[in-house]
Structure formats: structure tokens, C-alpha cells
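In order of appearance the chains are A, B and C, and numbering begins at 1 in each one.
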Amino acid sequence: MASGVTRPGAEPARERASTSAVRFSHVSRAFGDVQAVDDVSLDIDDGEFFSLLGPSGSGKTTCLRLIAGFDHPTSGTIELHGVEVSGVPPYERDVNTVFQDYALFPHMTVGENIAYGLMIKRVPGAEREVRGREMLELVRLPGMADRRPAQLSGGQRQRVALARALINRPRVLLLDEPLGALDLKLRQQMQVELKAIQRAVGITFIYVTHDQEEALTMSDRLAVMNSGRIEQVGTPADVYEHPATGFVAGFVGVSNLVSGETARALTGLPATFTIRPEKILIREPGASVTDGMCWADGRVRDVVYLGAHTRYWVELDAGGELVITQQNVESTSMDVLAARDRRVRLVWHRLHNRPVETTG
Amino acid sequence: MAARAPTARASFGLKAATVAVLLFLHLPLTVIILFAFTTEDAAFRFPPPGLTVNWFGVAWQRADIWAALSLSLRVAALTALAALVLGTLAAAAVHRSRFFGRETVSFLVILPIALPGIITGIALRSAISLLGIPFSVWTIVIGHATFCVVVVYNNVLARFRRTAYSQVEASMDLGASPFQTFRYIVLPSIATALLAGGMLAFALSFDEIIVTTFTAGQQETLPIWIFNQLTKPRQRPVTNIAALFVIAGTFIPILLAHRMTQGTVEAGRAGR
Amino acid sequence: MSTAAASPTRRLSIYLYRRPALALTLLLAPPLLWLGVVYLGSLFALLLQSFFTLDSFTGQVVRKLTLANYRDLFVAANIDIIVRTASMAAAVTVAAAVVAFPISYYMARYATPRGRALLYLGVLLPLWSSYLVRVYSWKLILAREGVLNWTLVQMRLDGVLNWLLSLPVIGGPSLSVSRLGMFVVFLYVWLPYMILPIEAALERVPESLLEASADLGARPRETFRRVVLPLAFPGVVAGSLFTFSLTLGDFVVPYALGNSALFIGQAVLAFQGTAANVPLAAAFTVVPMVIMAFYLTIARRTGAFEAL
């Protein structure tokens, strides 16, 4: 596994054994002056759980709609399993979508909703019923076939939308922020279920979200997008441990971005780098520093107690500030809050400094 | 300003004025109903000398009334159909696409009903005679449909705007072509809007007199028949009975259309 | 990709998917053809006709552009028609505004939400019943021995009625054949069109404004004059657009309750019908259009369009 600097947009070199399910080649989509998608090239493999992660307006939903066929790229090509699809309408593509607002048909029952795709393909009624029941079992909503969408809760509607899409056995499933409307506990439960379903069914899932924790939890690989461009593609570990740009470092998890004079003071070079808060240790002032470690002295400006861990903001003597996260293994809230205004020495492995492109 | 409880009581004068206006608006129609039963031929003497239902029998015999009624019904039905098709097409086009001249379509659709009837009437009449088309049911329908498109257009467009477009995309995503999507998804969601618009178009057409005078040639719709009777004092009660038909033919469809769009109207007003 | 054999509609859909402009054109073509070509075209043809003349010998339309018809409009008899119609329209508009105001005010400020909905329905109901029949009903009511006469006799006011009928211009042999009668009927049929916009405008006046005015020392009458009326004015103007325009173009009421003194609508009908003088009739229709165009531009400045 390659480490170190990775150029934005490029993936680390790896074995490409599986076939490509979705391939973007220099795809752009402009709306007037706005570039919603800017020269995106991407390869998504068959059977993987792939996430598009980014803030609102980053172009991730547009990419999804381009795959589904609801929108055309202004330039570039999109291939589905090796076939170019620019003139192919959504109803001819072997792709199904779970919409953000679920888009269940209000005038049909749950069963009719789920079996809609089969009904269109003229699958006979008996078979539709059997497969419909299978799907309801899969999404853990047995016996709900005769209910109407209006009678269901948000989480139940979400599962019906999933079943409706999966029943057609598409080769690629697109999910547009499907868990956004659910509360935290339900969302975490659904994340686990979705991942399990994906493994069971074995098809490619392309998942759009702005929640980086969600993307890290569920994905085999993910792409971080910003303003229509891809900042980085890689596995969750890749992206977290080796962020390619400052944006990725800041968006995926919390990070410290160190540049300019502070960087020079800490590392001897003015090159910009990021360092994860949990990698920094807090020691007493004057603590010894072994070879291969960076260190900096400073004063604790603020402390926030977060239950399982604590976050510290430390003003550095050398200028600038660092954020540190520590697990509350032995300390209590009383202890940690008393740290305010104390002088400390911060120590961490030099290897954890990740250089980034300054434009990030 | 949302609904709020009245802060003060209205003065007696204000309430009296309100009641007076309401009576002013509603009493005249009751007169028509009353004089359908008078025994007197000239039918305006008040109090009526006597009451009878004979006139219904007389009206039943009148072939010209039947002809006029049937023409009116046919025209209204055809108009509603034409307005439904044209209005839905226009609403679909305006709702889905951003194209140059979008507001122009809305303006164009509303123009026939906004301009005074005589203008629409005479314009169509000169166009019809210019093109050498003989006056018939179809010329009447052409005239009516032109200003009835707007009621369907407005109803359907409003309904389109209230329906999430993601449903249409979901349907296509699941394999349905636009035609199938229209049949299974769009049509059910605009069904009541179509019905309401169609009924309003029917009512507008059934009652129409001004444009029809120009586009009908020799034919008589029921309103034209009544119009021709206006200055004839004979057998007035029969005219009243014909008038009752016209009232029914306009009132009932509009009432039904109102009921159908009721939920949305109330919600809209409550939200003000 | 689906492997099912594609039906013809499906193949058409796929074809149109690649050509969105064509799909839009197909969708818009029928209504646009109808309204754009048929309707606009005939309007334009009408306007064009107003610049042609009718050769009184041959009875044929002479297709030479001329302003002869418009000059004819200034002939005394025709000017009479225009003035007659316009003054009726103005009188009806003013009266409608006055009569509509109390009920609009009550609906907007004093009615409970349920009461307001009922009143709304009450004002709309007459509109739902045939316009022609409503005019016809007044013919019965206004007749010499009709309901109104009987009521006035009971109230011993028949002398007033006779006096009114003896007046020149607005009087006549009977209310049902007089300018006065026409005025009442016009007022009756267009009244709902005035009530609704005024009610809407009044409803939009926040209670807080009235309270502020009272707080600053104004008595109810002053608040009404200085706060309510100006804010309700756009609604009045919006309503007047309807009453004015509808009266200008109408021929049914003048026909039913008028005499030989023609109104614009009757003139148009007469000229294009018996006289077959479509060019002159066309010129006549331009008159209400021009008047309304002026009216609309003035009305827009008062903000009436938002009150619609």
C-alpha cells in the first residue's frame, strides 16, 4: 500500500482484478457559469461499496444523477460495465436509485411500490408477489405489503425504497443520502443493515453522503469531492491516514493544518502538513523527547469534555494552535477541565505528519 | 396575516350592509325559480296570480329547447375535452422545461379569457369566414376551447407544482418509459385536477353567450336561445325553465370542481 | 440494459431522450398552434381589418390600408356610443366600489375564519350561476308590475321611481328598459369581481398598523381614512379593472334592457352582422382595448396587480 503524497484525483496504484462497474472519463457538467462537476475521472469496481463524500454543492449528487441518466454531462463520457451510456435513458440502464426523499408512490401500497419495476417488465403477478415478499424479508419489514406509504415511519419508508430498487436486481445501486432524515440511533442501525445487505446481495453500491463518519464506516473505497472536483480517492484508511489535500484532512475527521512559520518551527521546513489530533500526546513541560518525535510547548487555551474523550486547544509558543484529542482512560471530567491554562508539552511521532498540497 | 379572532364587534350598520349585499346577490335567482311556476304568461307580475307546473310540460314539448339543450351539452363536452388535452400539454411543457418564452405561454393561455368577449368573438368570426369554414358545432367549440384552456392549465400546473418530481424520476429509474410513467404515476396524481379543470371548462362553455354569438352562425345553444327570448314577452315561464337548466348546467359542475380542489384552496387560504 | 423487445412507444421515448428540444416542441405544438396561430392570428387579422374599408357599393372589403375607419369613429354618432359606454362603465365602477366596500371590510376584519369561508362562498355562488340567466332575472324583477315595483309600492316609494323614470337620459318607460335599469344590472353582475380583490387587499392590512395608528392618537374615522383606505386602494383598482373592462365590452345587458341608443358591444355586433362592415366593427373593438391599455398602465402603478 503506497503511503506519502498522493496527487488529488489519482488513486494509489493497486491491483485491478475486478471489472469496472462505473467509469467516469473527464466528465464535466456545467449549469450556465457554474461547474457542478469539473473534469471528474473515476473507476468504481464491480461489487464494491463506494461512497461519494463531500459538502453540499460539491457535485456528488450531480454525479449520481449522471450515472442514473437524469442528467447529461456537458463533456466527457460515462461507461456502465464497459458500455458508453450517453444516449441511454434511465429506464434502459441497469441501474436503480434510492432517492433522498424516498419518492414512494403515494397512491400505491407498499407491495405495489416494491413490485413496480417488475410490473413494468410484465413479470406475472404470482412471481411478483413471491419476490416482493422476499424483499420485505430482506429489509426486515415482513407483512407490510398492504400498508400505504403514508402509514409508515421514515425508517420504514427508507427500507421500502431500498426494496423497491433492489428487487430489480440491478448491477449498480445508487443511494442519495438515504439516511439523512433519520435520527442518530436509527441511522447507525441502518448503516450496519445496509452494509450487510450489500454484502449479501453482492452488487455495487454507490453511496452519496456529506457525513464523513458514515462514509468511513460503510465504504470499501470513497471519493472526497469539493466544488465539483475529486480531491482524493481511496480506502477509508487511506483517506483518513494519508489525506492528499488540506481539504480532505479537514473534511474527513478533524485535523490540524500546520503551515508557514509554525511548520518551520516544528519540523525545520516551511512545508504544509496535517497532523491528526489523536496522534498528539500531552506531557508535562520539559518532558524528554526521543529521536523521531516532534515536540512543541504551549498553554492549554480551552478544554471540551466529550464523555469518551476530551478535546484540548493548545496555544503554541511558536505561534498558532493545535487541537488534541485524548481518550479519558483514567481521568474524570473534573481532572480534564482543570487542565485549562496549564502549560504543557506536546509530543508526537514525526511519521504522523502528512504533507499536503498547499492549494488544499 | 393568518386567521385571528375578531377584536371588536362590527357595528350594526356594517352588518346590515353585509346582509343587504348578500341578499342583493342571491335574491334575483330565486325570482327565476319562482316565475317558472307562475300561471301568467308574461311572467313578471308580482305577486304571481297563481302557481302551476304546467309550464314544465310545455317546455318538454318544445323541440327548439331540446335542440338548443343538446347542442349546448355537446359543445360543452367537446370543449372540455379539447381544453383538457391542450391545457395538460401546455402545463407539462411549462412545468418541466426552462425554455425561452415560458412566461409567454402563460400569458398566451390567459389572453382569451382576459380580453373582452366581443374581441375574441369578432376576431374568430372574421378568421372563420376568411378561411371559408362553415359555421357548425366545431366553430363553436373552437371559440370555447380557446378561452377554456386556461382553467385546465392553471389547475393542472398547480397540481404539478405540488407533486414531487422525484416520483417521476423514480418511475423512470425503475424501468418505466415516459408514456408508462404518465399512465401509472402522473395521471393518478393529476386526476382530480383534470376532473376539476374539465368541469370548470364544461361550465364556462355551457353558459357562454358573447363569443358564441359570433361563432355559431345559425345554430342555437341554450344561452343563445334564451338571449333571443329576452325581448319576447310570450311564454316567459318556458324561458325560465330553460334558464333553470342553464343554472344547473353551470352551477353543478362548478360546485363539484370546487369540492375537488377544496383541500388545496382551504390550505392555501389558511396559510395566508 | 434491458433485453426486452422495445415497444414502439418505448423506442419513441428513447429517440426523444436524445433530442430534448424536439420533445419540448412536440409537447408545445398543439396548444401553441391553437393559441398562437389560430387565436393570435385572428386577433392580428382583426387589427389589420380595422385598417381596411368596406366599399358600400360592392359590399366587398377593400384591402387598402387607410385610417378611414378610425376617422369614422369620431363621427358624432359613434363618439356618442363610446362616451355612453365609457360613462356607464365609470358609474358602475364607482358604485361597485362603494357597495362592495362594507361587505369586504366585514369579511376581512370581523368575520371568523369559518364565517369568512362561508361569506366567500356566498359571494362566489352567484358567479357560478349563469351570467345570462342572472341578467334575464332582472328583466323580470324590473318590469312594470314586477317584484321591485311591488316592493316600492308597499313602501310607498313608487313616486320616487316614477320621478326617476321621467328623467332624461337615464329614465325610460320602465326600469327594465332604461339606462338606470342597466346600471343596476351591471352593478349586480360585476359586484363579486369587486368584492374579492378589495377583501384580499384588506385582509393583508396587518392589525398592528391599525393599533399603531390608534396608539398615535388617531380616532377610528381618521385611521380608516388615512390607513385603511390607502392600503385598500390597490384592491379597489384591481376590482375596477374587471368592472370597467367587462362593462366596456358587454352587449347582453344593453340589448336586454336598453333601447336604440347603442353601446360599444352592440355596435360591434351590429356592424359586423347586419351591415357586414367588419372593418368598422374591428375599429370599434380597438376602442375598449386602447382604453383598457391606458387603464392597465395606470393601474399597475398603483400596485393593483399584486392585489389580484
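Observations, loosely collected:
Note that a residue touches a chain if its C-beta (ideal position, glycine included) is under 8 Å from a C-beta of that chain, and two chains touch if they have at least 3 such contacts.
Predicted model only: the values in this text are computed from it and were never measured.
Legend note: the chain whose CA centroid lies nearest the centroid of all displayed protein CA atoms is B. By C-beta pair count, the most extensively touching chains are B-C.
Centroid distances from chain C, each centroid being the mean of CA atoms, peak for A.
Mean C-alpha position of chain A lies 61 Å from that of chain C. Note on chain placement: the centre of chain A and the centre of chain B lie 56 Å apart, centres being C-alpha means. Distance between chain centres (mean CA atoms), chain B to chain C: 16 Å. Counting partner chains per residue, chain A shows two or more touched chains at residues 89, 91, 121.
The residues of chain C that reach two or more other chains are 2, 13-14, listed in rising order.
In chain B, the residues that reach two or more other chains under the touch definition are 175, 177, 180.
Residue ranges on chain A touching chain B, taken from their complex, read 68-70, 89-91, 95-97, 99-101, 103-107, 116-117, 120-121, 164-165, 168.
Against chain B, the residues of chain C that register as touching in their complex are 2, 9-10, 13-14, 16, 20, 24, 27-28, 30-32, 34-36, 38-43, 45-46, 49, 99-100, 102-103, 105-107, 109-113, 116-117, 119, 122-123, 125-126, 128-134, 136-141, 143, 145-147, 149-150, 188, 191-192, 195, 203-207, 245-246, 248-252, 255-256, 264-265, 268-269, 272, 278, 281-282, 285, 288-289, 292.
Of all the residues in chain B, the ones that touch chain C in their complex are 1, 3-10, 13-15, 17-18, 21-22, 24-26, 28-29, 31-32, 35, 43-47, 85-87, 89-90, 92-93, 97, 99, 105, 108-109, 111-112, 115-120, 122-127, 130, 142, 145-146, 149, 175, 177-180, 203, 206-207, 209-210, 213-214, 223, 226-227, 230-231, 236, 239, 243, 246-247, 249-251, 254-255, 258, 266, 269-270, 272. Those residues of chain B lying in contact with chain A across their complex are 164, 166-167, 169-177, 180, 184-185, 188-189.
Taken in their complex, chain A has these residues touching chain C: 83, 87-89, 91-94, 121-122.
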